[in-house]
Amino acid sequence: MLPAEASRVADAIDLVWLIAILPLAAAVVNGVLGRRWLGKWTGGVATVALGISAALGVAVLFETIGLGHEAKRIVTLYEWIGVGDFHVPVAALVDPLSATMVTVVTVVSFLIHVYSNGYMAHDRGVHRFFTWLPLFVFFMLVLVLADNYVLMFVGWEGVGLCSYLLIGFWFERPEPYVAAKKAFVMNRIGDWGFTIGMILTFFTFGSVRFGEVFPKVAEVHGVDPTMLTVIALAFFLGATGKSAQLPLYSWLPDAMEGPTPVSALIHAATMVTAGVYLVARSTALFAAAGPALLVVAIVGAATAVFAATIAIVQFDIKRVMAYSTVSQLGYMFLALGVGAPIAAIFHLATHAFFKALLFLGSGSVIHATEEQDMRRMGGLRRKLPITYWTMLLAGGALAAIPPLAGFWSKDEIVGAAFTNGYPILSGIGVLTGLLTAFYVTRALYMTFHGEPRDHHLYEHAHESPAVMTIPLLLLAAGSVLAGVVLGFPPEGGFVHRFLEPAVAVEGAAQHAEPELVAILGLAATSVAAGLIGIVLGLAMYGRRRPDPAAVSRAAGPVYTLLRNKYYVDELYDHRFVELMRAAFGAAWAFDIHIIDGIVNRLGWVAGLVGGGIRRAQTGVVGNYALSIAAGLVLLIAVYGGYAMGVLRR
Amino acid sequence: MLDVIEPILFGVLALAIVGAAAGVVLADRVTTSALLMAFTFLNMAGMFVLLGAETIAAFQVLIYVGAITVLILYGVMFTPQAPRAYGLFFQKQTPAGALIAALAGLPVMVIAFAFRDTANIPPRGGDLVPLASSIFTDFAFPFEVASVLLLAAMVGAIVLVKREERGSGSAGPNDTTSPEHSRAKPVIGRARE
Amino acid sequence: MILERQILDHALTLLIVIPLVGLVPLLFFMRDERAAKQVAIVTTFVELVVSLVVLGQFRIGEAGFQMTDSVMWLPSLGIRYEVGVDGISVLLVVLTTLLTFISVLYSSGGAIKTRVGEFMAAFLLLEVGMVGVFVALDLFLFYVFFELMLVPMYLIIGIWGGTRRIYATLKFVLFTLAGSLIMLVAIVAVYLASGDAGSRTLSFADLVNDTSRFPPDFQFWAFFAFALAFAIKLPMVPFHTWLPDAHVEAPTAGSIILAGILLKAGGYGLIRFALPLFPLGAQAWLPLILLLSVVAIIYGAAVSTVQKDLKKLVAYSSVAHMGFVTLGIFVLNVQGGVGAILQMLNHGVVTGALFLFVGIQYERTHRRLIADLGGLANKWPLYTTFFGIFVLASLGLPGLNGFVGEFLVLVGAFKFDGQPVSGLVWGPLAAIGVILAAVYLLWMFQRVMYGPVREAYKDLPDLSPVEVASALPLLVLTIALGVFPQPFIRIIEPSLERMLAFASAAAVAVK
Amino acid sequence: MTDLVAILPETIVTAAAVVVLAVAAIWGDARVRAWLPWLTLLGLIAALASPIAYPASGLFFGGFAVVDQFTAFFRLTFIVLAAFTAVIAPPYLRREGVPEAEFYATVLFSTVGAMTIALATDLITLFVGIELMSIPVYVLAGLQRRDRYANEAALKYFLLGAFSSAILVYGFAWLFGIAGSTDLVHVSAAVAKAGLGSPEVVVALALVTAGLGFKAAVVPFHQWTPDAYDGAPTPSTAFMSVAPKAAAFAAILRVMATALGPVQLDWALVFAVLAVVTMTGGNVVALVQTNVKRMLAYSSIAHTGYILAGVAALAAGTSAGAAVLFYLFAYGIMNLGAFASLTLLDLEGTRGATLDELNGLWSRHSSGALAFTIFLVNLTGIPPTIGFLGKFLMIQPVLDAGFGWVAVAIALNAALAAFYYLRVVVHMFMYDPEAGAPRIEGARILSVSLVVVAVITILLGVLPDPVYAFALRGAEPVVIR
Amino acid sequence: MTTLVPLGAFIALSAALFFIGMAGVLVRRNAVVILMCVELMLNAANLALVAFSRRLGLIDERGSVFVVFVFVIAAAEVAVGLAIVLALYRNRPTVDVDEVREMKG
């Protein structure tokens, strides 16, 4: 802390570390005492801890708001690593950006913890669950609060670990832990980029602390632009891994093997947005690295539409949501790429709410029906009213129906893309909006409307307990209001004013102020697209005309392609893995047969030579005498050679 | 007069020595070799006389022709061999051995002529007196050592050839031969490996 | 008071003597198992305490050697008995005593069933050698201890080892011996080059003061000889093939010490002797060593991925980890160096622990093939937790100790701006190893731990108190080194900078 | 009178031999025989102590005997070795029915011969000494006279020994011809005058090298070694594998350094090559042996190679001679101990033990196995043992003399040798004994003395300075100037 | 006194004898005969020694003294040698060294 601040009276921001420590404490307590003593009370412990830190989080947020424009405070705990000129403090950076993230994370986590108390009540491993979930929150908070890349990396890897543990939560079955490993390894590939990015940052700017790095970016002189691009791309590689963007997205759908609350918290609301946060946090860096920014935009857009197309044809309700998440994350990167980080964060926040809600909703459905395949559902709205209505709202938000939350944020992204001179990308955004609206409609309809397809299942379905439904309601409120509250009026909403200083880039070219016409026009188009999608969905699945089956038949190859998710999993999980195994096997063979072989051969050769010489030991005195005499002759020859100068010494 | 005799004598003796020595090597029968060896020694004694070392010559006759030859003949008698061709042509190693010996011998014989007599040798009589005097005065130490050597050799020879007295019990468990065996007649025509 | 002072002044000598003292009663109780165990435990514990006292007495921030003892040993050769610790060695000493204590404790818990007395005796002898290696400041003394480690370990693997123990142990000894004998020649050469007859010395302090007495070509070969010996001990690719065999066959305690300490002797030798004494030689061999290091990192990881035997997998992973050590040392900057030392400590703790747990598991299931295992997590929650944490530490998860060392090494590697290939190539390549580590370790973990529980292992017991007691200190260290590495770094850094200064100064002086 | 004082040790040893014989001849029963080794020991100790009581140094017997530090060192070495032999011999001798009194007497006679070599300043004394050292050893080889292998060993050793003696004495004759004197100093002067240019020096040098090389078992004059060591009764092997070798090197040092010192440049390189060939050959063949006794025989050839390297490096000055002396001392103790350890096993015939017969020796006779292991570790050259110091001190002058390649060869050979030495340990510790193999009982004195000596090798490995300092002083007379 | 036979001739003769003896050792198989050949070699040495000591104009008779010692040694060798041969012969009736080859390799 700066001496100036030292005199200040302590306030919530000074206790910001407590926000992170509380979940950790909960995790430790549950981890140590859970199995033997606490049992299912672990849920209570975790929830309480989360509640407190959520409250603190909100407090911090408001205090930051209170600080106004120069809201930026660093709370240093201790020096973690310090070797030579390389220093990594354990310090929290509290500014609008991190404050927002903290709030989102803590609040959503809290709700999901509450929900989980119901959802996981009957699981044998409940104590494990409530050890790892708060642990995840801890790492997530480290990630968002860190004031330097290395500390951020700690959270980054930590959340990866917890996602690994939680995806593989039901480890008796193979699918979960296979998916878990896939997730972790793919993240590691991204982390390779992150690592390189960090270290290069250190050598370019002599520090890894945001506060010291970003100012230096401004003075372009001295900093090699290509180096900047490399750094940015390296970080972005990390982001693609964590946020499931092309080409490293394929772990996220598989991650649905984990318990649904996990999917909601980690694989929808928080962890997967870490990549977005990273890029947003490094806006200054990316802004200075033009090409990298373009790459971000393109990858984002591509991922958005790519995932949406797959989502269209999925039947597992959670997988639909998963691909939807991938697609929405694509939106956020698109936003970042087109230079609208605020829009990205905005969408991140809203998405956190409605996507978490969608997941928890489907979780409640699954909880009620023990079934994930939408083809065996239908007509459930009568059985699960609360779930139905809340999910309907969330779906609307996802489909960007005004005035629900999704509308504001998504619309802003599309708009920014357009106004900042990326019309094509903007177009893709609109198209994706259409697809989104379509598959969300399809999913909700197949689940809740029409006639029950499986009566046995239908009969046993029942609404979830209050502990699960209340979070749904709260999230629903968020999904409805978040947009208006934060983002109205567009481009000038609270969120903009609040976040502006955090992501402001000195000297970065500010895009031209868009005129109202364009905004409205774009809004209209995207809304229209959404409506078309919904109508189409209702038509196909409500009226059966055109009949989906017929359509898929007509689509033929395209359909199978989508059905098989573009065969990417086959490519990764089989071709690539087989290739690697072959290579590694070859390496081992080399180790055994060549390297070790040579070693063993040496001994063998020595033995051979020994055996040979041994044969000269005939046991016959005459031969021995002969060798002596021969030796004598040899000596005479050699010495004679010296004497006559024939041999040199 | 005397000048002529010496070279002639030398030649004769040299021929005799070389011839007899070659005989020792070439002779088929062991006894022949032994006798030829004795003959070589005799001629060698003559050579010593020629060199004016009468005392040494005397010793030579006594020790070699007397003691050693007799000893060796005893040895030959004690170790009768099956009458078998000891001809060199059964010896695989003969050519190699001969070659090596020649290879070493011829150059050395040539080199031998590099030794020259010192120009003026002081006239001196027999070697008895200086020899006797020096052995027991200057050479007292090696002489004592030599006496120990003889003692050691004696002890060794005795312990090696003496038979265990019956029932001394000192015969080890690894008695690879029975007393009968040790007195056994030589096996006739024993196959060679 | 005075006595206390005395003891503290000669604490290091004490460290060398204590195990020898312990040997005496052991020889009498050779046939009485319980007594033998008790003697061994007490001795190693006292040793541990004394080493901790040493650590406590250590003056942090000083670069030079502390608590030195120096006595003329071989007057007619001018060779001294000279011991002392600096920031680099003091931690390794403590690690040694700790791991030895743990190994003995664990082994006395029933892991060793035959010839217990002999086993403990071998271990005490081994401890003498290991501690000696880290405190010796005279090349001759160092060599003596370096070799002294050999025979006990030879017996430990050969007598209490697995089915192919003979092959393994002979391979281990012959490899090491071949290397160290070449080094012996080099040591003698150094001795001869150290001055004119009468003024010759092998004392590190004297030698390092003026390395210009070693002409460049001399340094070239001397460094080669030293590096060879240490590269085999470490082991560096391609001299590593003794390691998997030795580890697979060795008894658990043997593996722990082998991985935890013996390999460190190699890295320590490089940074303490090879580098400062022959800076020019180091410069000459630098590119090759860096190449081999990176190869080791990737190659070791690649090979571990396809291992079927649990111990072999961990053994090959050691090869990869040691690659980080050599890389860190020879990028010749402080981040790399500190990283390398930390990596040595971390690897000692973590891999030691991994072998401990593999051994525990083997004792219950008598299976080491990964394919034969599975579903253990269900029955052994405690075991799974411990094992899992160590696995994560081993794959370099931030917040655990593995990360700090590897990351600093990577920083150093990037920083390396030497010829012909700069760090911008080495760094990213080395970083790949981190990905692969995740692959093979997690894959192993899930195959061993996850999945449905097997009938055969249904009623096997979880960790016993002794085992927990053995593992707990390691766990604490694993987390402490990960969360609060700075105190350790503060101990290491000055001494390391001193070593590097020796290296660079001489290099500059000649240029 | 002073002359006699000067050779008091030799006299005492001779007397001891005679007394032993006499005692055995007069009271031939077992009780007395039990005392013979102690009688021998007593004599040897007296001999060792006598120079302290009556110190003497300088030239004696009109310059035919010299007593200097060199002599002193070798006296110590030989007496220690003889004493060690006397202590370890009895169990075997009684078991195999080898005549004891003669054994001790012969050992003592041979010792006198060896000591004489150390005293010699003159080709004649030297030659007589060499013979007095050798002839009793031939006897020792054949002493177990009912054993076919012993006979064979004795015969081979004797025939070849006599052969080489003839070569040696012929070489001496030529040296005499060159110098007109048998005094080593005069010879050296004459050789210096003639130089290697003169062919007769070439011949003499070759003959002498071959003759002495045989005694020290240098390749290619070594082939008698395995058979002789193998067949001889084990205690004899123990003695003849060390004392004659040490004596041979004493002779080599005296002749090569003093008489042929002037042409050192010419023989140094040859010796270096011979050294490498010898150590490598010995090790490589030892590698494929399954009979431990025979394996040790080959290993002793290898050690000859190491020592010879030191001789080749004599140009390096005192350190070289000191290295040779020290190594001889170390090698003597450890090799003798190794062979002696074999006598623990009660086996058919003289031919030592196969590796398998050693299986599980640790459980059959712990102290013996322990001692054997320590001796093997010594031979391998692993610290902290006297064997290691031997190698360390040897490499130093070799490098100093510029024979870097020889030093490397020594190192590699040591590694190679480690394989077969440690393989023996493997069999003793890591294999279980054959079913029903009994614990080895008795032979308390033997095992105790083995352990004691083994411990001594370690102590001397930790604190070698007294011995080395002594060796340094002892090397002074054989420095080539 | 002056002589017509040069010293070199004697030495050459001794060399001839020496190498004849050596050849004998190399080619003969009968242990006793080998022993004889060794004696021949020793005699060659004797001849050389005597010749030197008579012809190099030395003040003393060192060579001859040496010869005396060689006599002694020769006698000792023969005694021990024959003893060994006899001991061997008792265990297996042969003196053929080619047949005494149980130890080899």
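Note that the chains are named A, B, C, D and E in the order they appear, and that numbering of residues resets to 1 at the start of each chain.
Everything below uses one rule, namely that a residue touches a chain if its C-beta (ideal position, glycine included) is under 8 Å from a C-beta of that chain, and two chains touch if they have at least 3 such contacts.
On a predicted model such as this, the values are computed, not experimentally measured, just so you know.
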| item | value |
| --- | --- |
| Pair of chains joined by the greatest number of C-beta pairs in contact | B-E |
| Chain whose mean Cα position lies farthest from chain D | A |
| Farthest chain relative to chain C (centres taken as mean CA coordinates) | B |
| Central chain (distance from its CA mean to the mean of all protein CA atoms) | C |
| Whole-Å gap separating chain A and chain B, where each centre is the average of the chain's CA atoms | 101 |
| Whole-Å gap separating chain D and chain E, where each centre is the average of the chain's CA atoms | 26 |
| Geometric centre distance via CA averages, chain E-chain B, whole Å | 5 |
| For chain C paired with chain E, centre-to-centre distance based on mean C-alpha positions, whole Å | 65 |
| Sites on chain B at which at least two other chains make contact | 91, 93, 96-97, 100-101, 104, 108, 112, 114-115, 138-139, 142, 146, 149, 152-153, 156-157, 160, 176-177 |
| Sites on chain E at which at least two other chains make contact | 11, 14, 18, 21-22, 25-29, 34-35, 52-53, 56-57, 62, 65, 69, 73, 76-77, 80, 83-85, 87, 90-92, 97-98, 100-104 |
| Set of chain A residues in contact with two or more other chains | 614, 617, 619, 621-623, 625-626, 629-630, 632, 636, 640 |
| All chain pairs that touch each other | A-B, A-C, A-D, A-E, B-D, B-E, C-D, D-E |
| List of chain A residues in touch with chain C within their complex | 31, 35, 78-84, 86, 150, 153-154, 156-158, 161, 164, 168, 171-172, 174, 177-178, 180-181, 184-185, 188-189, 191-192, 195-196, 199-200, 202-203, 580-581, 583-585, 587-588, 591, 595-596, 599 |
| Of chain B, residues touching chain D in the complex | 108, 111-112, 114-115, 137-142, 145-146, 148-149, 151-153, 155-157, 159-160, 164, 169-177 |
| Chain A - residues contacting chain D, complex | 603, 606-607, 609-611, 613-614, 616-617, 619, 621, 623-625, 627-628, 630-632, 634-636, 638-640, 642-643, 649 |
| Of all residues in chain A, those that touch chain E in their complex | 614-615, 617-622, 625-626, 629 |
| Sites on chain D touched by chain E in the complex | 123-124, 127-128, 131, 135, 138-139, 142, 145-149, 151-156, 158-159, 162-163, 165-167, 169-170, 172-174, 176-177, 180-182, 226-227, 230-231, 351 |
